[in-house]
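Shared chain: chain A. Partners: chain B in the first complex, chain C in the second.
For the complex of A and B:
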């Protein structure tokens, strides 16, 4: 391709339609006349009509279009990825986390830190678990990798804080034991698929 | 690996493996030849450092002309053998073996410590076993805590590696198999002893069944950064890795396929001098103190480079350098070399494990150098070696490997050595001066005074007859002996005129390195500065002995780079595993005008006339090759020294009577540093037999005090029924900065003062 061809930006067939916009005012007097004509035309009321209708609906028909945030909030998608929740087992109430460390490993912003220890019941116990929300990018990998559906994303999206990096402890994210009946499964990344029951395979251990 | 085959036949053979012809020597197993040539044969139970276990059957191969599969790990290759390592049937067999290993194996990889470095995990993936197709009714199998290690029978695959390490290598013989089909499990027969050497057994566990109790469930293997280093506690300088996360050492591991680490090395890692910042004022004081010091005392737990810095300081300021244990060793080796003409002994630790006769003299070897004891144990288990243990005290831990215990009186070592050497040089061609010396010996007198019967030595001589590869292990009782030089000269005759593999175990830490690098003095005088030793001004890495005044922090050996000299005459590197923010010895040297940017700049200038090589620290290798050959640092070059062949007559023997103390630390303790860490920390007791208690009128639990080498000991007396005679074991590891001061002859008669009794 030669340079001339390359520079030719008139590609395709030229099929422009010219709009009939009338003529621009030429003399000063014409300009004054245009201003006066536009000022006293009823178009202003056409616009205000929408506002007044909404005001009427809001005041007298109880049809408010805005929310009184933070007293009111919009429902958000259950798959929204905000501050993490740590879930509990529904039957025993024990937290689900087994301390496998996969979330810590997969975290691409290195914001999860955990310590584990050998507890009295010969189980691996999570002795320390923090997420640095100053670093977290809410990518959802931790929830996806978690083999126990223990760490999930919740709906708490207000994470403004006095400090740039605010930490969240395990206990803060854990479902309060008295609200265990309100605990919801997370349908986002890493959750069991709706047809999980059909795909489940019995191991020979289930004798 | 040649460990198992010290077979003399070096007949050349050629074998065909998977269609290719390979040359090798007769005596090697098929697996060994395959590994030499980088051919992969999967194994589960094979452990290079022990004899083939042959429990997993993963290593099966086909040999042409032989029906069925044979185990490549234990079958020696014959000339002309045609071997197939991979085919469909073999793979199917191996896959079936993996399926059986996975029967009821708990699906708890998520929490298992071994996950990420688990042989079972790897091989299950490798052989594509995606499900657990078989099962049996599970039984209740609780986790067992055995002190340093814990055992989970549910995870155990019964490969027997741990049992073999416990019997063939460490020799504690604690682990055994309880046979019972599916209910088989590993049992600990000596649970009450809480052997730290079981850590070596846990290290070879391919699954998460046998793990360190302290480490269990604290971190995933893949989170830990492996920092290669060498263990600084005794003179063995074993290869090890510090496994570190967030600047905390979680555990110590080693290349367990080829080497072994004792309990002190494995669990005594937590001795770093933490949270140190630069204290300008103390530093200025320290520089002043060193400038004015007439003596610099130091503990042998330092690197070669630091020893060289101290030597340079001495050359600059003229201060005396005092390191009791290293000085004694230096004197001993100097006298020794006057006969042999070589700077150091010529034996090696590895050759001990290949010996058929081993004589141990002047050391409680299980406590002084566990790694050497492991090698003696290997010789005993692999070659049924005759082990003669010559010491005033019998050691119950050595009972199962010692074939002859020869007891002698403390301080009569010169006589014992003379008797032993005259027996060993019997029928050996020797020059006249040795002949005169031996002829002049009054055997009857020596025998009577030392308590070593002529018939005992005769038994030893007979048991040695027609045996090849013999070892003589010399320990630190002799180095600080009043007649050490004469003893050394007599013992040197063994190296010079017989084919014994002679090893003189260094007494502590890097004593060998210090004795080669520093020009040491005998007695301290005037103002003193101590490096990890009590003195007027103290430089110390022992964080339990912090003082406000006349004190400057120093980095511990896991916070420094440098090299150590090992009892295998090797110079091995150590690396930094813990952060350190304070001043180091090199900073003080710089302030005195001995300029070097980093301590490791001295690595290449270690004295060449002493066998060190001019190699940069960063160029020192630290790895094992596929066959287990160690490439760690370098070997000291053999240095010739001038010969002065003159032997002095054996002096009148002046034996000890009555109650005697013997400086001896427990197995896991070597110095104040091993005691700092939480894992090994233990209270020190004076341990004596019931006879000792009677002789000294002490009761179990009495508080006592006594003074040795101007160090005042205050501790409790405990009766240990496994001991005999009137010699008590006095540990020194708990004395902190005073520990290195106790460096005189290991047996001592002391006045014991009772300061309190049990029933009060």
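For the complex of A and C:
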């Protein structure tokens, strides 16, 4: 649809479909007939039947829409963007972050603060890493830009806490070392898609 | 002949028995009115596939207690420009007339208090607190007088929504009251009495004797008018939230507001009892089963009101007037004429 067509708001020149509402009654006799037809057509009983059916479905067929939230939770999409997780390497247990600083750089709300230094093996280690969740807009750029899949968005969406710092430190977001076997390879935001291999094309070297 | 012997066999009704009966009615019906709000919330919730109140007590059963505590401890605000006396009295009118109306309908079975009780032993507590020979007239009159509650409340509170609610009260009252009277006139002509006891005896022969088979049109008309009388949903004009905030109850808070609701639910129970006694066979004096069946019938009518509320939309005031004056009243008059001709022939 071109833009001109889209901007045409003149009703009647487009293909609108009118609902079949019948004709308005013209004469008094038509009105009487309409009243009688509506009285004996049973539309009111249809309404009663609908609510009764819904009640039986809800009570006896498990069709209740209510979720008792703190006790029951809906499964969330793996692509949901909640509080970040810091992942570890499965083999060594060391955290994956290499201290490149890309997440800090790309963060559009400037909420990631990190500092790095060389450890005794002359490897970069993260000496300080905090995310200010008062400012984070959960855009997911940090997870997307991370070359090591070290920072990802987790599923922890219940953010109420007494202190803002409660889950904004690197250690809080890092997978606990004793739960390393439970760490799942992140399927969500920023990860390579499962069909990535099929979508890869050769980069044309010459144009 | 048989009725006189039956009356003679009954124990003597003392004033102490009537007082005990009144206390029983007050206590149980106000508790039932509170329980009715719980039932209403639950049924509406189920019909909308929700759970309703769940957290206070098992399945939310103690929600009534929580609501009661809230209503009783809330500040009783009286608006600055309101007519204070009328504003304070109006909810009492609604609640009081609702319970006065209950005084002459059969509510619970009669019994005699066992003689080992200290002061009130051997007292006969009647089924009807005051068995008037014009019971139906009295009940309908009292329920009509109950409309003074919303009317005065709306007009005294210096609030535009309240004024509209009061005006709608008058409109609704003028519309349905004619239909109520005319629709119940046909069964009265059949029975030839205004007493609930006579209605009960007329239909004592079982389901085949129910007046609803002889007067189906009057039954439906009475139901429609009863819905209007108790401000139930298709005719919930007085406090239609979507249009006029809360209508006559806009400025009310705390227990005064609660009294309107106790009155409304007591009226729902009264209308259900009238419909059950007049049209659906009533209670059978002889057995406890009869009282069980009338409670089932009353519960059905109560449920019907909630069911209808979940299903049908409101109508406008002009539609209500159109319905009552142009449709229901002619049908009621024709019904009376046909009944009269059938009785004559």
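Everything below uses one rule, namely that the second predicted complex is superposed on the first by the 123 of 207 C-alpha atoms of A that agree within 3 Å, B and C clash if a C-alpha of one lies under 4 Å from a C-alpha of the other, contacts with A are read in each partner's own complex, and residues count from 1 in each chain.
The criterion applied here is as follows: a residue touches a chain if its C-beta (ideal position, glycine included) is under 8 Å from a C-beta of that chain, and two chains touch if they have at least 3 such contacts.
Being a predicted model, the structure only gives us computed values, none of them experimental.
Asker: Return first, second, both or neither, reflecting whether A:169 touches chain B, chain C, both chains, or no partner chain.
Answerer: neither
Asker: Quick one: classify A:59 as touching chain B (first), chain C (second), both or neither.
Answerer: second
Asker: Just checking: does A:105 make contact with chain B only, chain C only, both, or neither of them? Give me first, second, both or neither.
Answerer: Touch partner of A:105: chain B, not chain C.
Asker: Looking at chain A, which partner touches more of its residues: chain C or chain B?
Answerer: Of chain B and chain C, the partner in contact with more residues of chain A is B.
Asker: So, A:68: does it touch chain B (first), chain C (second), both, or neither?
Answerer: second
Asker: Please work out whether A:116 is in contact with chain B alone, chain C alone, both, or neither, and reply first, second, both or neither.
Answerer: Only chain B; A:116 stays clear of chain C.
Asker: After lining up the shared chain so the two structures overlap, which partner does A:36 touch, if you call chain B first and chain C second: first, second, both or neither?
Answerer: In the superposition, A:36 touches no partner, neither chain B nor chain C.
Asker: Quick check: in the complex, which residue numbers of chain A touch chain C?
Answerer: 35, 44, 47-48, 50-52, 54-55, 57-59, 63-66, 68
Asker: Can you list the residues on chain C that touch chain A in the complex?
Answerer: 43, 46-51, 54, 307-308, 310-312, 327
Asker: Help me check something: in the complex, which residues belonging to chain B touch chain A?
Answerer: 104, 107, 110-111, 115, 131-135, 137-138, 142-143, 213, 216-220, 222-223
Asker: Given the complex with chain B, which residues does chain A contribute to the contact?
Answerer: For chain A paired with chain B, touching residues are 98-102, 104-105, 115-118, 122-125, 147-148, 201, 203-205, 207.
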